[in-house]
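Two complexes come next, and they have one chain in common, chain A, joined by chain B in the first and chain C in the second.
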Partner chain A sequence: MSIMEYNGGSVIAMVGKDCVAIASDLRLGNQALGISSNFQKIFPMTNRIFLGLPGLATDVTTLKETFRYRVNMFTIKEEREIEPETFAHLVSSTLYERRFGPWFIEPVMAGLQKTHDGGYKPYIAATDLIGCLNFAKDFVVAGTASTKLFGVAEGLWEPDLEPEDLFETISQTLLNAVDRDAYSGWGAEVYVLTKDKVIKRTLKGRMD
Partner chain B sequence: MATADGGAYSYSLTVFSPSGKLVQIEHALAAVSSGTTSLGIKASNGIVIATEKKSSSILIDDSMIDKVSVICPNIGIVYSGMGPDFRILVAKARKSAQAYWKIYGEYPSTRILTQEIANIMQQATQSGGVRPYGVSLLVAGWDITRGPSLYQVDPSGSFWAWKASAIGKNMVNAKTFLEKRYNDDISLEDAIHTALLTLKEGFEGHMTEKTIEIGVVTVPSEADLAAGKIEGTGRVKPTFRKLTEEEVRDYLAM
Partner chain C sequence: MDISFALTGKGYVIVAADTVAARSIVKMKVDEDKIKVLSPHLLMAYSGEPGDTVQFAEYVERNIRLYQIRNTHALRPPSAASWIRRTLADSLRSRKPYAVNLLVGGYDTSTHNPHLYWIDYLGTMSEVPFAAHGYGAYFALSLLDRYHDPEASVEEGLATLKRCIDEVAKRLVVNPEKYKVKIVDKDGVREVEI
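What follows is the complex of A and B.
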């Protein structure tokens, strides 16, 4: 049994047309025993950046606080909000600091990056547990159901999906992938980010 | 440190005088004021920083002297005061910029780097066994948040932003000269000319491309910003550069 599978859980992020979506399941378990169907794994870092943390639950809680601290220090010192690309590098260097005793988390990020002409560009990224960055253009996945998420996402994703369609696509991807994984599921939530608002929806899924 | 507690190096050499002054900093400022003049001018589309390169003997190979220094692709600095202290600060500033890059994947903004340098200079006024740095710096850089910015940092560690400033031997006259000639819409070309005229005012000796150094910050064009990194390299296009001797000669001839 691997430590990454001890608590279970999965996260996915997808790019749409001028929008991004990030979704996760809500299960927290102690190996096969399910404990909570309400364990949050996605956290807002700024109004425009969301961070998903699948993996060991204690590290989920610790890292969420660590990143909150580092982002707050950045915002105060630089007098500006951190951009998604900069935040991704911050995540990468934070994880690599623990190269030889790593955090058991594989972070997934979704956000809207400011462009030089004042617009916003969708941005997603993921890293492995020691900070190797993955700047995919379509979708990124992590967690115990990651292999299943790859499969379904590859089949369902297409470029330039509108926010409502992106929501449907990411929801179906997540629900069907976690149904094939014993350690993920027990509820799901989805965040869709556009330049004016963030919509959080809780999905009704199989509770087995 | 001979002993574990620091011994004779455990207390600061910079202590308050009864009038509330830090005399060491006053003396450091005196060292700055006796140094060669440097100046910086912020234009609407860039910044120019310049200094005299005064050698004490004609036998000195002044092509090896580096008074205007690059810290990272978007920031350069010039100084007035003690050369060796400047060298140390340049090394520390470069290291600080790289440390920032290692965490965030991008170079620091001018203000952030200036704060770092200022902190280093302040530490030398409140640490055991060290003296303050005998330089004032003019830090010029461009970043996407604030555009072009020019900061002055003093031996005390205090820093503030300028539209145009001069430091060193001739600073009073130079600043008066700049006050008359500066306006908010000055272009970079005009700023370079004004900088040269200002330097010439207090120049002892013959002003040629070999006796002055000029650094320039240019604002990236729309095309540069849209492109982001340079094709194939993943690196950002530098916004700070030193003018070559040929370019300086051309400006002097105009």
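What follows is the complex of A and C.
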């Protein structure tokens, strides 16, 4: 029994054309026993950054609160909102602080980074449980269904997807991957970030 | 072998826990109350490591009371549950963690909504329509999936609870026989016989 698989749950993030998407399942379990079908793992950090926290559920809640505190402190001290790239390093150093007694979480983040010409650039990243950053141009995955997510995403993802197409791609990837994983599933939620709005959708999934 | 159930309904939360205090294979006591009344509209059923349970429940009880005295109003259920969760989560990474599982049920007198939280000794918390801890969970949760109704009256809620208790009595190797049942609603906390 691995502590990373104790509660179950998975998160995925994908890049599109001037947009990003992040999605997670909604299961909370105690090994094979399902406890809740409405356990959120994705949290807004700013209007343009969303953070997914799959792993041990107690640390999901604790880290959500830690990051809310640290992002608020950044905003007050710097008098500006944190950018996704800076936030990724905040996540990394927060996890590495606990190098020898880690939080059992593998964060996935998606955001839109401001560019010099005033536009926005898609940004996704993931880290392992001690904060080793992994930037990707296409997609990042984490959680108990990560192996399956890699496979399906590799097959479905293509470059420069429009927001609606990206929504369809990430939804189908997640739904089909978690159906092959006993510890993930029980519904899902998807966030698509574009430069002028955030679309949140809740998906129904297999309840077995 | 502690068993506890809880379910929400229209404007109330029912919390039930068995009354056996056992040590090894011996029943030491059969009328132990394992549901603490934290404030006029907040209940907490506790189970787990004997010793830790009562110690932790009393610690929570006094702190909730202290908040009420300092601020002249009680913590609302979501805030109280968050504080309890944080206490357990911090305890988990300490030298000697509390091994206590909780069901926190309360009635929010400001929004007039019932709240139920499932919390385990790791500090995992989830707001749920119904919940169970211990071996009872393996029998009751599937039953509650089928019969739970968030709009049910108190009578219907108690009937659903009875189904859970009967199922455990029928299928579990050891039967706790007696349960203490408490209800929290707009009028506060009351105990009922079933």
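Everything below uses one rule, namely that the second predicted complex is superposed on the first by the 208 of 208 C-alpha atoms of A that agree within 3 Å, B and C clash if a C-alpha of one lies under 4 Å from a C-alpha of the other, contacts with A are read in each partner's own complex, and residues count from 1 in each chain.
We adopt the following convention: a residue touches a chain if its C-beta (ideal position, glycine included) is under 8 Å from a C-beta of that chain, and two chains touch if they have at least 3 such contacts.
Predicted, not measured: the structure shown is a model, and the values here were computed from it.
With the C-alpha superposition on chain A as described, chain C and chain B fit side by side in the combined arrangement. When chain B and chain C are set side by side, the one touching more residues of chain A is C. By the touch criterion stated above, A:Thr62 is placed in contact with chain C alone, chain B being left untouched. By the touch criterion defined above, A:Ile35 lies against chain C but remains apart from chain B after alignment on the C-alpha atoms of chain A. When both complexes are overlaid on chain A, the residue A:Asp138 reaches neither chain B nor chain C. Judged by the touch definition given at the top, the superposed model places A:Glu158 against neither chain B nor chain C.
The superposed model places chain B and chain C at 110 degrees from each other around the C-alpha centre of chain A, with the value given to the nearest 10. Of the two partner chains, chain C is the only one touched by A:Gly101; chain B is not.
Figure legend note: chain B and chain C, brought together by superposition on chain A, show a least Cα distance of 24 Å. In the superposition on chain A, the residues of chain A contacted by chain B and by chain C do not overlap at all.
Note for the complex: chain B touches chain A at residues 102-106, 109, 111-112, 115, 144-145, 222, 225-226.
Residues of chain A touching chain B in their complex: 77-78, 80, 85-86, 88-90, 92-93, 116-117. Per the touch definition, chain C reaches chain A in the complex via residues 85-86, 88-89, 92-93, 118, 120, 122-128, 131, 137-138, 141. Those residues of chain A that touch chain C in the complex are listed here as 7, 28, 30, 33-36, 38-39, 56-58, 61-62, 65, 101.
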